Amino acid sequence: MSSSVVPSIKKDFIYKLISEGKRIDGRAFDEYRSIKIETGLIRKAEGSAKVKIGNTQVLVGIKMDVGEPYPDSPDMGVLTTSAELIPLASPDFEAGPPGKEAIELARVVDRGIRESEIIQLDKLCIEPGEKVWIMFIDIHVLDQDGNLFDASLLASLAALYTSTVPAERFELGENFKLPLSKDPPISCTSVKLNNAIVIDPVLDEEEIADARLTVATDKKGDIRAMQKGLSGSFTIEEVKKIIKASIINGKKLREVLNKSIRG
Amino acid sequence: MSSSVVPSIKKDFIYKLISEGKRIDGRAFDEYRSIKIETGLIRKAEGSAKVKIGNTQVLVGIKMDVGEPYPDSPDMGVLTTSAELIPLASPDFEAGPPGKEAIELARVVDRGIRESEIIQLDKLCIEPGEKVWIMFIDIHVLDQDGNLFDASLLASLAALYTSTVPAERFELGENFKLPLSKDPPISCTSVKLNNAIVIDPVLDEEEIADARLTVATDKKGDIRAMQKGLSGSFTIEEVKKIIKASIINGKKLREVLNKSIRG
Amino acid sequence: MSSSVVPSIKKDFIYKLISEGKRIDGRAFDEYRSIKIETGLIRKAEGSAKVKIGNTQVLVGIKMDVGEPYPDSPDMGVLTTSAELIPLASPDFEAGPPGKEAIELARVVDRGIRESEIIQLDKLCIEPGEKVWIMFIDIHVLDQDGNLFDASLLASLAALYTSTVPAERFELGENFKLPLSKDPPISCTSVKLNNAIVIDPVLDEEEIADARLTVATDKKGDIRAMQKGLSGSFTIEEVKKIIKASIINGKKLREVLNKSIRG
Amino acid sequence: MGMKKPEDVILFKNNKRIDGRKPDELRPIKIEAGVLYRADGSAYVEWGGNKILAAVYGPREALPKHIQDPRKAIVNARYNMAAFSVEDRKRPGPDRRSIEISKVISEALERVILTEQFPRASIDVNIEVLDADAGTRCAGLTAAGVALADAGIPMRDIPVACAAGKVEGKVILDLCKEEDNYGDADMPVAIAPLTDEILLLQMDGHLTYEEFEKALDLAIKGCHIVSELQKKALLKKYERVLEVE
Amino acid sequence: MGMKKPEDVILFKNNKRIDGRKPDELRPIKIEAGVLYRADGSAYVEWGGNKILAAVYGPREALPKHIQDPRKAIVNARYNMAAFSVEDRKRPGPDRRSIEISKVISEALERVILTEQFPRASIDVNIEVLDADAGTRCAGLTAAGVALADAGIPMRDIPVACAAGKVEGKVILDLCKEEDNYGDADMPVAIAPLTDEILLLQMDGHLTYEEFEKALDLAIKGCHIVSELQKKALLKKYERVLEVE
Amino acid sequence: MGMKKPEDVILFKNNKRIDGRKPDELRPIKIEAGVLYRADGSAYVEWGGNKILAAVYGPREALPKHIQDPRKAIVNARYNMAAFSVEDRKRPGPDRRSIEISKVISEALERVILTEQFPRASIDVNIEVLDADAGTRCAGLTAAGVALADAGIPMRDIPVACAAGKVEGKVILDLCKEEDNYGDADMPVAIAPLTDEILLLQMDGHLTYEEFEKALDLAIKGCHIVSELQKKALLKKYERVLEVE
């Protein structure tokens, strides 16, 4: 991301807007772009979802296989999350093994899902110590216009909630819905820009931001994960402000998610 | 291959010759260079052959091991074909993992052999679902003067037809000849040069060619595989002409192969 | 190492000193820097040792695991030696997979230990053909001021002699001391500099040296391994002289080692 | 090809194929142009069960510099399968198959692009297979053609691809998965439809010379049908753009 | 987090933690500056069972040239675990975890370094975990701060880090291994102690908003204690240098 | 070395070795110069069961540029084993063993090449082991020496190599496979035969100082015999060239 340079004229323009309380696309500082979630697009996947946040598009597919558990959790399924920043999605993404941005993205989504324990991994055990379900969450970014963290977590959740465990294909009985708890973590990402805090940044904002904070919250508004990024800093007050805005927006995003997976 | 530049003066010269119906080494447009096949050179291999087409030299060795079959073909041996364009063979080849040229070469040879079903992979099963013979065809290019496709397929076939399955080394009974059917596919490669079609190009011709077509045919003259390459195009008529020439030359090359493996 | 250039003024200075029978740090040509060995530093390792030779520091840790033996030695434990020239230790070391210098270092230490048969690998068999102890010697260079070969072998030996096989962690009975014979090979490294031979070179000397010879000897003074390096040559007499000096210094280094592992 | 046909699979009967099509009938195809925001040009193709996105970036400076060609633009197509696009999850990153397909598609596209107009540049064509049925390389090349046109890259013609093949002795158009697995021959063909020049040609299996002529003829006919769908998709995009403006 | 707690493990009882500490008590910490000969600056930190070395090289020309930033120095932290630093030997080389930690530490350090003074340069910070207990990223960042100061790199402040977390409903400072494995939340925090600006912040687990405020407060208090130890170590080094001179 | 000798293997008896040779006898050696068309110089060596090709390219511009040495040519030897050259197929690509051998051979060759005549150039020496018996590094270096001479690279001398070793207490020349596996010591040596300077020296196993002196003496004698074969091969090539002309 650092490689693409927004000409300084655009930076000055965005800064000026911010100082007047405005954003480049007219949104309020604490307002999300419109969000659209589609599920069940990929026939070959056990579950899939495409999330659009404004122009940003992320496609997530879930695949399952049967394999060995980890020795230290012999009765639990295995979860692996990967992210590909494929060159299709941005002139700045390069082919090749995942770089540090893709790795951070995958790990933040993975921790959000893993630590919140929404996947009942103990129900994905087939034979303790021998055979468990291996689950792959593959994050495929299709169009990069900022805020990949939130789009990727949302798409992962929507894909998970619409996934079927393909037991029949492996001759392990009938297919069944992936067992999930009902309180997924929803992440909201904000950036600091010319000392203002804006939520759900577009790429033009991300590229000139000083610092980024992603906060995942649950239904009750409790904090389930955080990740600060970029080389700027936050004051303590700024962090608190971001968390509060994330709790509020988290509820809205949760509504969007719930609607898409009920449909 | 694209990296080595034949000075444009040589290109002009070859073009001029072609327009006069001549080739740089005096051959007719549909004439192969002299071909020499030697087998049984490598003591450590289960079979081996060195093919010279003019100055081009390719050495192929066959190794066998015992391993697990693929889950979707539990009673079949496994075939793997690799090609190394080692820096010994050309100033343009670089050390490192196989590039796209080496991969295309290996895959075209592999498909030629696999799709023609000359290797009776079902006879390379030791214990269904458990243990089968794993066969490695390793193409080692020694001297690159054009037409690696035909030289590599010929060398692979000559090595296969003179291979012994090393059952004794694995304490699996007596050694036996590799079970092969009698009708191997023979490939002939042509290129389009200044709107003429010439067969068995030398490197100087390959480097300035517009398009390449490799056609593998069987004893009856039926087509068993094709691969078009390079960024030029062929007319329908050109393709038909190349196929007909490939059927005719295929018969000649088959004679050379048969002689070498009978000896 | 070749990438760091000692300015030619320093080279001239060292050459001049050498021609006067002196070294840059005042040592005699056949004199080692002071050596300090500490063991048992790393709680997570089965054994560890840090060796300082002058300013050079090498840390070696031993880890053990349980795994399968090699098919050709079904009743022997398995030994693997790796060296990392981490960028912490020198401005000239780069991150990434081991380069040729690190590989040579690891292989020379590995052969020194393996060929001298001090590790009783047959006593590291748990179940013949099935389960043996796998031992990893990891050489972590911390500060590079010359003569990594001797420091790395010494640190590896001190770590080995103070290692405990963690049988309890693997539920394989009681922990026990790693079974080792009492006559480890001790290596001494010399370089040729302006036609003089100096032992235990500092980095400034190594960088302008013509040739290097490492000689490992045993308690009796017999030769157990040798490795010549760098692009200069030795005369036969020079080789003999180096070997003799290595036998003498080997005895001194052996004393230092023995003291450290008795402690 | 190459897989043993289960006994109960009947590939061809009563002039009908296993999925009910006639021998010269294409699977349902849907093409959309201009579907991505960041790409200079893009296209989405559904072709039977295949779902494929293509995005074009360029012409832009080819980097690193040593790959630049002072006489023309480099055409760099990258065919990639999403990990979840196939039954058994595919490990991310290029495998030997995708490297070969990328190579033959790059070469096919290069022929129609006026590369000499952009020395030292690269034109990057990213083809993502999101859901794979049989025939992804033809569908991918077809999507790439639309994406290139959508990006405004100067071309002699819009390239298009379609396969022909053979099942149970019968020459057919546009193989489905079962026909691909258990059939006798598969032959993907790409052409420049204005001239019928052949840009890509591969074949595996077994065809007599006469069958080859028939199959080539059929594949080219298929290409022309798909070519019309490409043009319609581009037209629709322009209409959409005009409406907005 | 995330591991099921064995029944016999009691993380908190009678206001005491599993290793006997009080909720707001740090593990024993030892910091030494200037411990390596070749590095431009270095530090050694023992923090509980952690043993960590940090070495700084630079500012020096960033290579290869195309990574240079004409406006400022690049800060390139590399967090690495020695193969023998963990119970099950770690394969040498970066894994996904160490790449992420290297990224967040690089970003945290960049904030305090006066990078604009060294255009086109790189400042390389190597953090080697030699023996790992819980909290290596905080200990590593703390060591890096001392090594940067020891190297004389111009900084706004000496960065320092410390984690807070939660076990059995109780907010605590500086988690040990068992608390990390079986606890409810872990939150590493790095600050610039002169201003309490937050340079690094991560959290996994479950905290109410009130618990978060308490944990952040505790972590910052911990940072200030460690900051004093950093300064003492640097002072001791300068004294040592003065003695020698 | 290092493998346990089966009881029925007798390495030395009645002054005869396991393959019938006397202690100071070489295996049959055949050397041919100028065997490849594209290479600037080449050689083929059969030495016992070893079959080895060497090809030299250069001097040519060293690339990428940052590896160039403004004072001299880089000598870049690459020792490689064909996948089929050993009993258990070797995975293609360099392993640790071949990287080390490439390094020591490069260093040995550099000493005799007049590298200062070609600043910024590289001289690339490719050694391919096609069929491996014991002693491939000596045979490979010997082939490289002939290929360098065949390429007309200016050299002080033609380097040559031969091993000595010990089996059952007896110092012997040029170990065969069984002697290599079950013997007491192996010591490959490369020299510049005009001066007997030692270019490469490695040793594994167990030699008393007296045995070492004997072994070194024997290895150098072996080198001189092989050196004569190298010169004959080059002479024959020149004669062949003259005949053709």
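Going by the order they are written in, the chains are A, B, C, D, E and F; count residues from 1 in each one.
By definition in this document, a residue touches a chain if its C-beta (ideal position, glycine included) is under 8 Å from a C-beta of that chain, and two chains touch if they have at least 3 such contacts.
In this text the structure is predicted, and so the values were computed from the model without any measurement.
The set of chains in contact with chain B as well as chain D is empty. Think of chain E turning onto chain F: fitted on CA atoms, that turn is 120 degrees, to the nearest 5. Of all chains, the one whose CA centroid is most distant from that of chain A is F.
In whole angstrom, the spacing between the mean C-alpha positions of chain C and chain E is 32. Each chain gets a centre from the mean of its Cα atoms; for chain A and chain C, those two points are 48 Å apart. For the pair chain D and chain E, the distance between mean C-alpha positions equals 52 Å.
Along chain A, no residue makes contact with two or more other chains.
If the chains shown are joined wherever they touch, the resulting network closes on itself as one ring, and no chain has more or fewer than two partners. Going from chain B to chain D and on round the loop of contacts, you meet the chains as B, D, A, E, C, F.
Contact residues of chain F toward chain C in the complex are 1-4, 75, 96-97, 99-100, 102-104, 106-108, 110-111, 187, 192, 196-209, 212-213, 216, 220. Within the complex formed with chain B, the residues of chain F that make contact are 36-39, 49, 51, 53-55, 57, 60, 78, 80, 82-89, 92-94, 124, 126, 128, 130-132.
Chain A contributes residues 72-73, 100, 103-104, 106-107, 111, 114-115, 117, 213, 218, 221-236, 239-240, 243-244, 247 to its touches with chain E in the complex.
Looking at the complex, you find that chain C touches chain E at residues 41-45, 48, 55, 57, 59, 61-63, 65, 82, 84, 86-91, 95, 97-98, 136, 138, 140, 142-145, 169.
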